[in-house]
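Next come two complexes, and both contain chain A; in the first it sits with chain B, in the second with chain C.
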Partner chain A sequence: MTKTPLRVAKYVFLALAALCSLFPLYFMVVSATNTSADVIGSRLTPGGALMDNISKLTTQQNVGAAMGQSTIYAVSSALLSLLVCSIAGYGFEIYHSKHKDRLMGLLLLTMMIPFAATMIPLFRMFANLNMVSTLPAVVLPTIATPFLILLFRQSARSFPTEIIEAARLDGLSELSIFFRMFLPTMRATYAAAAVITFMAAWNNFLWPKVILVDQTFRTMPMLVASLTSGYVTDYGVLMLAVLLASLPTMFLFLVLQRSFAEGITGAVK
Partner chain B sequence: MTTTTAARAVPSPPTDEVGRRRGLTSARRKSLTGWTFLAPATLLIVLMSFWPMFEAFLLSFRTGRGTRMRWADPWWANYTRLFDDGIFHQTLANTFMYLIVQVPVMLVLALVLAVLLNDRTMKLRGLWRTAIFLPCAVSLVSYSMVFRTMFSTDGMVNDALLALHLTDHPVNWLGNAVTARMVIVLGLLWRWTGYNMVFYLAALQNIEPSTIEAAKIDGASDFRAFWHVTVPQLRPMILLTAIMSTNGTIQLFDESWALTAGGPANGSKTMSHYLYELSFQNNPNFGYASAVSYVILLLVAVLAAIQMKVGDKRD
Partner chain C sequence: MNINRRSVLGLGLGAAAVATLAACNSGGKNDQAVAGDVPTSGTLTVWCWDPAFNIYSMNEAAKIYQKDHPDVKVKVVETPWDDIQTKLTTLAQSGKLDQLPDIFLCQNNAFQKNVINYGDAFSDLTKGGVKFDEFPPAVVGYSTVDGANYGVPFDNGTAVQALRIDYLEQAGLTMKDFTDISWADYIERGTQLKAKTGHALISGQSGSSDLIMMMLQSAGGSLFDADGKPTIAKNDILLKSIDVLKQLQKAGLYVEVNSWDEYIRGFISGNHASALNGVWILGSVQTAKDQSGKWEITNVPKLDGIDSATNYTANGGSSWAVSAGKQPALANDFLKSTFAGSTQLYDTILPKAGALANWMPAAKSDIYQEKQAFFNNTAIYAQVVDYSAKVPKNNTGAYYYEGRDAASVAMTKILKGADPTTALDEAQKTVEFAMK
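Let's turn to the complex of A and B:
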């Protein structure tokens, strides 16, 4: 083939892109095991300072509490989001009518509302309700997203109506058709949706930062961001915190990569 | 109220009297069930998006603090203040810089990578895809901190440049407005190119290969086939990714906060970062901050409208 040079160029391009993507991650992992001086000195091999960094980080910061807060927040956000959005998406598709389609169009408009434009009134609302620094205040604005509703509406489209008809003849209520028929069939969609909502909630920074005024409730991204506020930054400790904050999402990503890809693109197919 | 009108919209089946009555009631019951299924999500979206958006609009005409807010005098005072606010102009310019430089480069790069990875004759496709997609697993604050460390004056990037003799003195990346913005753009490219690539991959997989084959049989080169057959079919996806990226870039906050701290001297600060400062730091001013937030809202809406207009054009 005469196209060999082009092929080589393609592989070089891909390899460069992959290298650029992986290098900062490698740097993060390796630096978590190095002292601050070694990180600044560009040491790119694993060092022996991991234990030291761990003890420094855990004495300076309450990492356990932040990991706990992030987990509680991300899990409750993901679970509620899945429940509320899937039943809505199912409702829009299975019982669709002209009015419901219009409502869906209206809800889709909120995808265009930047969070910046709702942040201040949301903060004032929760402040008036005495809910600042509470779990419901962090979670409530993240539950219903038009994107997820759309994703579940799309998947409900492929759900056979014969199953619903048969279940109705068997005397199942509409709600139990949803829970006993639709939910188990759509396991793949749920997995995809769970991955994206968990990751979005785990990584969310601005809203938790605004509403969790009490520092004892801070999340991992908030903890990471606070590590550079002093005069001297310990880069080894900083990279360890960054690594810890990324472990759960990296793990989910590597295990459920396919679901993740399907999740982010699923609603637009 | 809406429930009854919706039930009326469902046509009754043309059967005998009894059947029709039964059909109507069951249709009505089904429609009602449908509405109750939608209710929680709709209620949440109204309370957590529409209502706050409306409230922010009202707030943008008010002034004062906490419970002692009053209407601004004149009522448009917050908006005229925008014209004299140098920091606002700076953050607006910064945000647009990120938008204009980063979004096109990222989308082209993502498209090229997706096309390469869609080629079934390429080896190790899964490996390349995972590697390029992996940055998406890291939070924005986390990667900002990694970039901040790598680009510090005595950091790894300068060491590498010095070792390769590409520079004879360390560059103060984050201490200079131009280079600080550049680092943010690099960070954004790193974090989001793989994400967009996955969208293009999904779209490419839905393209019928025979359409491209046909073009090639007609004598089109690889590039011409790509440009005239593949790209038009990808247009809806390109439009979608363009709107999403524009939307995200206008709302940029984490990078500005954690990577450069907006510095030096607001040189890399984004509008959302400024909005946060106005709302929750020093002397919080919810009224003026809401006016800034409405500029962000309008920018998102106008840019999305323009992109839809351009993207929907048929040739």
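Let's turn to the complex of A and C:
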């Protein structure tokens, strides 16, 4: 009997927490169908201005190009990142060297340097290589992230070393062990890492904005930012653009949701 | 591995040192380049923001210039102001100024700061033939450093007071009661309006000092003297301005809001009876289509007891800058023939984009006398142009934003009951520390 009030309290708390996380999403979706004045007036019911907002957004901005360019950037960044970081994480765990912990410490230390401090030297470097405003210049600095290396190192820890030794005895090369045994087993970790890197790249704003000087290549966050730069902001159009910019990450997360949870908790099947 | 605090600190300091060293930059003077031969062909790249306003105006200017210069192309790249500032800083600090466009738009309040810090990026336009005396002195002042002109003024930031005439009528008041008045008059009449209608007059974002800055400039005051030294402590005009705000708040005429959206909602929803800001605020006022004919504009109240007080001030606005080392002669000629020399341009962009001229000859055009239905059939553009010529000049300097932020903090403290002199002394010290 005493359990019931506790359970009620638990559900009330969870319902409140869910409301807090879902309400902004709901407001975003609803606002995309409302006029600017309605959004400012915090209208909470769907309106009829969706088509109007779409036509305004598409005449003002090249949304298709920005979506395409964001996709190219985020996908290439995520794929390269997964490849490089998983090899690094695997290497850190499987191979033995006196200095590897020291090196890992140094890597983790770089996580503490704010990006603003490295931005100017990084820009100079790419400018000297004549790579300003190019796709590789946007992607390259985002590929190796200490966090992902750490994530893969942690999950490699649960990968049984006996299997590796057995494979070596059977004559499998080190690369084959990685690609044919480690990679398929760690699918959940890859899924989690994919969601994280894709989201980080998709939402990355500062670096693309700095390095893409001539703006021939423009990502969705850059497009959204320019919608608020004028004297009069059309909030309906803005919300529509934000909604469009959030869709790919939401979609990816929903598809990989189960693996994401497994990957983060480090489960191996 | 043992990472001690010292090594972290060392790394951080190292990174900071790199950034700081890169920031040291000698202010170069490029005053001859704009007077050179003007090429007959080329592509001018322009960075500016707001498709409905700046970008539209620039494209119209391009059309006009191309009539006489068919081989000159203009490529406008939409770049929000924050991005222009970030890019300018990055490019200047990494010595890659060749990546700048030929022309870029710069906020008036940030203009001097950027010329002082990154002088190499800007062309000195003084000898380029633009008649700077055809612009209001206060506006030219924003982009003038050490007597040299670095910008062609464009967007007009002249302050206006827009009022709901239907509310005034309900309270037995007219626009005349709010024209050429002092803040003491304003509080008296505002109180009457509030008592009769229940509406507050103005609002402001909490912690934002826009209103104070406008009051300060209306009496020719600044946070810095002509040498760029902060003058926040013992600044009588600033003290008076904060005092007025305190009285406004006490009388319930000024309401603090949390965000810009809420600020806009204040007058669009009919909650607040007025909007007092740069003329660009009228763009937002006009989004309330149901209130057409219910608004009029007038000048702003002046400070009581200050000799230099006027009814005119400004907030915001922007000017075109020509970057050095690209095609300064062509870019200068382009600006000279359009934004500083084409009545036709302003005649086109005023009705379409509401872009008001700072260039005084354009204001003589008939189009400025046209009556606007939204504003109860009054000729608001002619009014604003008249005000803009009367705005007192103020010094922005290299640390305008630091000064404004410190003054905002002081203002918030004073509104909460702190001693004004102490709060402003602290603000002065904060800015002096930032300038070290």
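Annotations for the structure displayed:
In this text, the second predicted complex is superposed on the first by the 236 of 269 C-alpha atoms of A that agree within 3 Å, B and C clash if a C-alpha of one lies under 4 Å from a C-alpha of the other, contacts with A are read in each partner's own complex, and residues count from 1 in each chain.
Heads up, the rule we're going with is that contacts are C-beta pairs under 8 Å (C-beta built on N, C-alpha and C of every residue); 3 or more make two chains touch, one makes a residue touch a chain.
Remember, predicted model here, so these are calculated numbers, not experimental data.
On the superposed chain A, the two partners chain B and chain C do not both fit; they clash.
Residue contacts after overlaying the shared chain place A:D214 against chain C, while chain B stays out of touching range. For chain A, the partner that touches more of its residues is B, with chain B and chain C as the two candidates.
In the superposition on chain A, A:R124 makes contact with both chain B and chain C.
Contacts of A:D101 after superposition: chain C is touched, whereas chain B is not reached. In the superposition on chain A, A:M112 contacts both chain B and chain C. In the superposition on chain A, contact is made by A:V132 with chain C only, not with chain B. Look at A:Q60: by the touch rule set out above, it reaches chain C but stays clear of chain B. Applying the stated contact rule after C-alpha superposition, one finds that A:A225 touches each of chain B and chain C. Shared-chain residue A:T4: touches no atom of chain B or chain C.
Legend: residue contacts after superposition of the two complexes on their common chain; A:P24 is shown touching chain B, with no touch to chain C. Overlaying the two complexes on chain A leaves one chain B stretch of 43-51, 61-69, 115-123 or 241-249 clashing with chain C, which is 61-69. Chain A uses residues 40-41, 112-113, 117-121, 123-124, 206, 210, 225, 228, 235 to touch chain B in one structure and chain C in the other. Here chain A touches chain C in the complex through residues 36-37, 40-41, 60, 101-102, 104-106, 109, 112-113, 117-121, 123-124, 127, 132, 206, 209-210, 213-215, 222, 225-226, 228-232, 235, going by the rule given at the top. Those residues of chain B lying in contact with chain A across their complex are 2, 5-6, 9-10, 30-31, 33-38, 40-42, 44-45, 48-53, 55-56, 59, 109, 112-113, 116-117, 119, 122, 127-128, 130-143, 145-150, 152, 154-156, 159-160, 190, 193-195, 198-199, 201-202, 206, 237, 240, 247, 250-251, 253-254, 257-258, 271-272, 275-276, 279-280, 286, 289-290, 293-294, 296-297, 300-301, 304. Within the complex formed with chain B, the chain A residues making contact are 10-11, 13-15, 17-18, 20-22, 24-25, 27-28, 31, 39-42, 44, 84-85, 87-88, 90-92, 94-100, 103, 107, 110, 112-125, 140-141, 143-144, 146, 149, 174-175, 178, 199, 202-203, 205-206, 210, 220-221, 224-225, 227-228, 235, 238-239, 242, 245-246, 249-250, 252-254, 257, 260-261, 264-265, 268-269. Listing the residues of chain C that touch chain A in their complex gives 1, 3, 7-8, 11-12, 15-16, 18-19, 22, 45, 49-53, 77-83, 86-87, 90-91, 93-96, 99, 261, 264-265, 268-269, 280-281, 283-284, 287-288.
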